[in-house]
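Have a look at these structures, which come just after this line.
Presented sequentially are two complexes of chain A, the first with chain B as partner and the second with chain C.
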Partner chain A sequence: MQLKEIPVTGIPYDQIKIEKVPAAPEYCERPAELIPSANRAVVINPNRTCMPLGAMWAVLGVRKAIPFVQGAQGCTTYVRYTFCRIFKEPAVIATASFHEDAAVFGGRRNLVEGIRNLVVRYWPELVGVVTTCSSEIIGDDMVSFIKMARANLRKEIGPEKADQIPIVLVNTPSFAGSHVEGYDRASRAFVETLATTKGEPNGKVNIIPGLFYPGDIREIKHLLRHMGVEAIVLFDISDTLDAPLEPPTSVPYYPPGGTAVGEIRDMANSLATFALQPHAGQAGARYLERKYGVRAVVGPPPVGVQGTDAFLKALREITGKPIPESLLQERGRLVDSLADTLHHTMMKKVAVMGDPDIVLGVTRFVLEMGMEPVALAGGTASKTFVHDVEAILAEAGYEGEPPLIINGGDLFEFEEYLKKQPRLDLIIGNSRAVDISRELQVPLVRVGFPIYDRFGYQKRPIVGYRGGEMLLAEIVNSMLDYQYPDDRTQQL
Partner chain B sequence: MKMLIEMMPERAGHLELTGLPECERQTLPGVISQRACMLYGARWMIAAIRDVVHLIHGPVGCAYYSETVRKKNYRVFSTALGEKEIVFGAGQKLEDAIREAVSLRPRSSAVLVYTTCAVGLIGEDVEAICKQASASLGLPVVPVNCPGFGGVSQGKGHDVAAAALLEHFIGRGPAGPPLENSVNILGEFDVQGDLKEIEHLLQRLGLNIICAVSGRATVENMARAHRARLNIVHCGRTGRWLAQKMEERFGIPWRKVSFFGLAETAAALQAIAAFFNRPGEAAWVEKEAEAARQRALPYLRRLAGRRVALFFGASRMGSMARAFGELGMEVVLCGSQFGCQEDYTESRRCLGRGTPMIDDAHQRELEEFLHRYRPDLLVGGTRERFMAHKMGIPFLVFPQETSPYAGFNGFVNMAREVAALVGAPVWRLGNSGFSRKEGEEMVAKYVRYMERGINENERSSL
Partner chain C sequence: MGGPISDVIQLVHAPAGCAWYTWGTRRHLSDFYPWATPTRLTNVAFNRRYCMCTDMQEKDVVFGGMKKLEQACLEAIRLFPEAKGLIIFTTCTTGLIGDDVQAIARQVEKKTGKLIFTSESPGCSGVSQSRGHHDFNTQFYRQIRQLRERRPELKMSEEEKTPYDICLIGEYNMDWDLKIVRPLFEKIGVRIAAVFSGNERIENLVKMPDVKLNVVHCQRSAEYIAHMIKDGFNIPFIRVSLFGINQTAEALRKTAAFFGLEERAEKVIAGEMKRVEKSLAFYREKLKGKRVAIYVGGPRVWHWIKLMEELGMTVVAVACTFAHEDDYEKINARAPEGMLVIDNPNEFEIEEMLKIEKPDLFLTGLKEKYIARKMGIPTVNSHSYEKGPYAGFAGMVNFARDIYQALYAPVWKYQWGIDGAPAKDEEEGSCS
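Then we have the complex of A and B:
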């Protein structure tokens, strides 16, 4: 692949990545043995972040809930920055403000006083305590600290008020996994703490969407509405992280929506739990299955035709409701679009990067488009990822050059591999791939976490048939924009 | 005074109408703090240094977040510590990572190793490892000791990073006589081309910039920095300490100036010209300032009497308050996340008595202030932005996002953008004027109609 220096102003390569532009005299060939991330200790541009972020994401999907981060201020601030940039929403996350005294004596005072300060200032309906590497290394006994915080709260505001505010503990030592696992752990912690009794069956299904955006969750709700199925969406960020601008009449401001605590309690009584992203949400679904016999349906992500088919079929099987005409028409329109754009998508070389579930969902979809995957990079290492990718390739009858599968790893490896490829037409991934896409001069279609450099992707679905159409349009149009930069006459 | 906004008793002293607020205290646990950690401060200070390897020694999240500083992405190397290293020690991994990073980026002039909470807690001797690596690789390997829990805010991270620069880079080149007409700028980060504006002005005075810490700092130009005639301190919080130390060590005098606002810029240029003993060369300064004022005039008319609340990181409070004063706006609140005594003293001088100053305001306090007083503009960072938007209040991000604000041209940019922001139609659209109740009745009526039909009278009202 030929690499050129890019004459785009405003992209500060010359300042930050002089070594990556071969046209520059500073460019040098890398030692080949150090390119695969498995061969080195150093990690360069990781495609995953730490566990607490996933847990905070989850807590923000609960109605009037505030995450309380048991760690230093940066653990909160950096995540708030990230959420602000992605969702364009105020991300309200409290910090225990660990300073040197906490590092020496532990975080008990920070938690007990912190919970009290948070409650009297904000009156949340739930507090989600999220641990960090600091508190886990110090060895804070969080369970007993939370008991003390509760006792202190009862003393300060009275037992009735204090006991109405559940405190859910999510253990997320940052060094033990990625944000995907943080969300997964939160899904289990919430059902384990709140869904404590089995009662009357409610006839609903549980949906744990995983790290999908508000637009995706709205699309899932659209599918459910047309199926006539009532659902409890656990960690429903569709309103809390995409709220309207309507000057509030009082402070503190809370966004509308979110999963109510009562709904989470009711999850033990549902027909089944759908964990749409196997790596983010499976733990909660499995717990409900083991403890209360609520059937767990884990994946596949409802992206593309077959992904959405699988979701609807499982819904039909569990609820006994037929798939309505309206959804069949949506499906038909997506298949029609695939046919209509096939001459643009077939045989195109594509690289996909992102969280493992996004990569799995999108890979299946691009194979439906007749594309040929070159590299598939899941940012979080997973036991099942490689196997799942191979199964998807086999299912599609893919016979081309086998793609590079990166399980975990980092973006440096991904990038160096792509540079060596004779041809690449498209990268599908998150904003972290933007430098790679600019340097290789191929378009980037943005999906998954995080997208901080463009507007609107958090509101636009990739799931369901309609989401599939939108993603397909994005893919085709991005490639056309790149192929015909001075295009005035091109017709589809 | 206490009625301005509701403050918790522990926080009461942090809001002051006439005097100086309490500052440099630990943040109250459990609030939605706008402060960040030491690693954040260190990155903020030195992320822009180009020709070195930046290696974050800690769990993967610290490296992930450290990549983005002032909305720019930087390449970051990291040890991405896992459970194994936390339990059995991370020294070996750090050694390997340093060696590999250098072989993947062989033209680097140095390695900066940032520590994190996790490393601080497991008690690794990072300094010794760096020393050893430095000896075997033949280039400086510099520890920046910035565990997140250190200090009370990101401020201490700035200090530690500045100390590392002073200790290992600044003035390391061969000694020599001062280079004529040369200056350093300390505490200038070149946001959206600010540095170019400043450089342009200094060039008109016949001066060259050797090194700008850290908007335009390389190992090479920092090594020559000791030969400047004058240090110009722009951001006090990050530059003042360095300037004092460089004065002690190399005898370079310094001036604290600001290039935000017309009066400040003019005063800065005149002070610098006076230092170089050629007041004649600054003759154009007044003229330029006046020309800029003329260009900004149409915007100033639209801004006259509008009320602005300022909430910064630390030390731009005073100079920005003056700049907004020049826009004709009334500063109704001035605060910072981690300002120190000197910062607040300076801003009180600019603001006069009666303007509330707030230290380490958390989200709830700012929210309440906005809700009660509804200023025409809030200036702050990304974290405050979307809260302001939700309340329907215009918001300006500072450090700015679109164009340079420094110098005379920068002032015109600022006037134009602030005027456009404050006057934008969107803020009038926030309140729909629709009554929720009316809408609900309408829907109920419609549902009734759909269910069993309604009479003619009702239908016509639909």
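Then we have the complex of A and C:
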């Protein structure tokens, strides 16, 4: 800080530039046998987070619903923190706040009193109870605890009011799966708990979007509107986690929107359930199919031409409604864009990382662009991922070098593999790939969960034809920004 | 507490999620960079570049995770030989199943010769992160003490010692605060031999008991270790605040007085004041009379009440996540008349506080700033800062600038909708 005077604008960034101190005199080659994650016990840079996060994400998509986390405060704080970083929105989540006594005697008192406090202060329309590692290890009998909580509520606020507030339990021990599975489990828990009566057919379709962002859900709704199809979107975060700034009204704050409890009850009467992300939502769709004969349409993610085609064709088949000219024009515009950019996408080497459904959807799309996948890393291990990737490559008639497929593994394996590749043009993935892209000096196109280091991605769709156009533009422009000489871009 | 230590592997013994949330989250920055490729250093420093864990699975929970932990530690050390040590952190899962991580640490130390530490503080064992601070202090102190007995060569050598050695305790190098703070102390003639724990090398932390004076900044999270060093090694400590003009000056004076360097301190203070006075005068003019609410962990509340006053603002309400009795004593001593104080509020109470007090500005962390913004109240991120550093004299200009930017952004004019702000009485009505 050699400045004589600190200007009104503060300390300029070049004045706090840090001299990097090398940790070793030279590059340390990492032992080759420890690069594949299957060969080691230590996980380095996990490509997934904990199961309760997925369940909390789901609950925040229900109208005036509050997640209640049966665990220590950190399990809530860190997830709120993550949501705030991604969505730039408040996220109200309650905690049982386990201390030593809960660890010793169990969390019954925490749940019963916690739910009571939550209800009388917030009057939510639904409480989603989300368990954690600690409550699952202690062995809390959540079903009977919730019964006690309900009985306690009936005593305090009267049965009528108390019974209006459903309490949905989602069991999410994090040592048994990732955030993707947490969302999947929530999809099943909600329809199992609420969609219990088979009534009149409602002529609607159910959409379980999975861990797509508000912008994606808005785009799905746009497609549905143009198809003339009414839908129940379970867990609709499009407004709850992207709310307008409006004059302050009342306390406590509830964001607008979300799926109403009545709509979830009605899901048993729908024509079909679309689980747009097979790994996050399939369980709910399958349950409705088994129990109520509501047809389950599982995937593919509606990303790119074929992904969106498949979604619209399935909608057409199930509802009998034609695909309107307006959407065919959107499709035509996406195809036109692919034609306009092919000289900048063909044969480009790309790596994709993130949640498995994002990787599957994006991989299919980049193959439509004529790109060549080098490495595909799905963070949550899945029985179907490798097979699905192979099917997508076969469908595209891909004849290049087979990509490394990481099913579950970690990002250390992904990055060390990429560092050994002779060429890489682009990484598509979430904010956890920033360091990798910087060190390899290739552009990063941000998609999927989580994106916290840039603004606006949660509002911008990647699904549908229009989302595809935006994603394509981002991909092409990133590569042009990064590596293409400016004296050649006058005629792309 | 351990995260800012720059040259150790931070290994979280837990399911992947627990580690994932700490990865690249808080801005405790560092300058220790491993090589990413043969020609390029990593994009961010080691302590925030890699996130390591044992990724406990169901079978590990059932059968215990000790074997997996030992294997993970050995692999991590093989993969990152540039790391000087390793800290094992336990969480709810591994705390509840009762893995003996200290035994593993000793074995790994024997096998590798690296400095291996443990930090056992499962979330469900205490009320808040404050318990974690305390646990880390006591466990770390105990371990460096044992280490110094086991390996006396790790103590500071007589040649290295100077009569002006201090340790700066409770400073975590948020957004490179140290880049401002360190030169201040150096200019008055003392040597910061170790910082607990911002951007510090583990070997320097082992030498903490070899200094002449401990200077404690965050007196909530780290005063414990200063007490223990005082009891165990007879090294005195002083409490300081490095936020704001008067408090930073006071900190330098107190430190200088201990070493008889008062004259140099006055010179440094005068020089620093000169560098910032013009900019701060601008901000004082713009910020005077504004009403502020503060909600942070604990100490920053009382660090900042005085700082806000220096900028001509009034603190009307404060709340703390994990303050203890002594924090509240300090808050009360600094509180202006009529200031509201809330201990560990929930979101509902925060909203009520904002609605009743209607502050012009809310200094708070990431999780609460969005609710305030929805209510039309400007905020400044008070944990990791907006665009720090905020400490010391020069940092104060950054802080004032971010406050000014929050308050004077044109956006707040548009919050009332397409027809503009309602008449005053209407507005009152809509809030009741």
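List of remarks:
To be clear about the criterion, the second predicted complex is superposed on the first by the 459 of 492 C-alpha atoms of A that agree within 3 Å, B and C clash if a C-alpha of one lies under 4 Å from a C-alpha of the other, contacts with A are read in each partner's own complex, and residues count from 1 in each chain.
Following the convention adopted for this analysis, contacts are C-beta pairs under 8 Å (C-beta built on N, C-alpha and C of every residue); 3 or more make two chains touch, one makes a residue touch a chain.
Keep in mind that this is a model prediction, so the values were computed, not measured.
Of the two partner chains placed around the shared chain by superposition, neither chain B nor chain C is touched by A:Met56. Residue contacts after overlaying the shared chain place A:Leu169 against neither chain B nor chain C. Contacts of A:Leu327 after superposition: neither chain B nor chain C is touched. Residue contacts after overlaying the shared chain place A:Gly114 against chain B, while chain C stays out of touching range. Applying the stated contact rule after C-alpha superposition, one finds that A:Arg438 touches chain C and leaves chain B untouched. Once chain A of one complex is fitted onto chain A of the other, the partner contacts of A:Ile146 are absent, as it touches neither chain B nor chain C. By the touch criterion defined above, A:Lys419 reaches chain C but does not reach chain B.
In the overlay built on the shared chain, the residue A:Leu194 is in contact with neither chain B nor chain C. When the two structures are aligned on the shared chain, A:Phe68 is found in touch with chain B, with no touch to chain C.
Chain A residues in contact with chain B (one complex) as well as with chain C (other complex) are 16, 18-19, 26, 28, 30-31, 34, 40-46, 48-53, 71-75, 77-82, 84-85, 88-92, 97-100, 102-103, 121-122, 132-134, 137-138, 173-176, 178-179, 243, 245-248, 250-253, 412, 435.
Within the complex, the chain A residues that touch chain C are 1, 3-11, 16, 18-24, 26-28, 30-31, 34, 40-46, 48-53, 71-75, 77-82, 84-85, 88-92, 97-100, 102-103, 121-122, 132-134, 137-138, 173-176, 178-179, 243, 245-253, 412, 419, 432, 434-435, 438-440. On chain A, the positions that touch chain B within their shared complex are 12, 15-19, 26, 28, 30-31, 34, 40-46, 48-53, 66, 68, 71-82, 84-85, 88-100, 102-103, 109-111, 113-118, 120-122, 132-134, 137-138, 173-176, 178-179, 243, 245-248, 250-253, 255, 412, 435.
Of all the residues in chain C, the ones that touch chain A in their complex are 7, 11, 14-21, 23, 25, 29, 31-46, 49-58, 60-61, 68-69, 71-73, 75-76, 78-83, 91-93, 96-97, 122-129, 176, 179-180, 183, 274-276, 278-279, 282-283, 347-348, 351-352, 355, 366-371, 373-376, 387, 389, 393-395, 397-398, 401-402, 415-417, 422, 427, 430-431.
By the touch criterion given at the top, residues 8, 26-40, 48, 50-51, 55, 58-65, 67-68, 72-83, 85-86, 93, 96-98, 100-101, 103-107, 117-118, 120-122, 147-154, 363-364, 367-368, 371, 382-383, 385-387, 389-392, 430-432 of chain B touch chain A in their complex.
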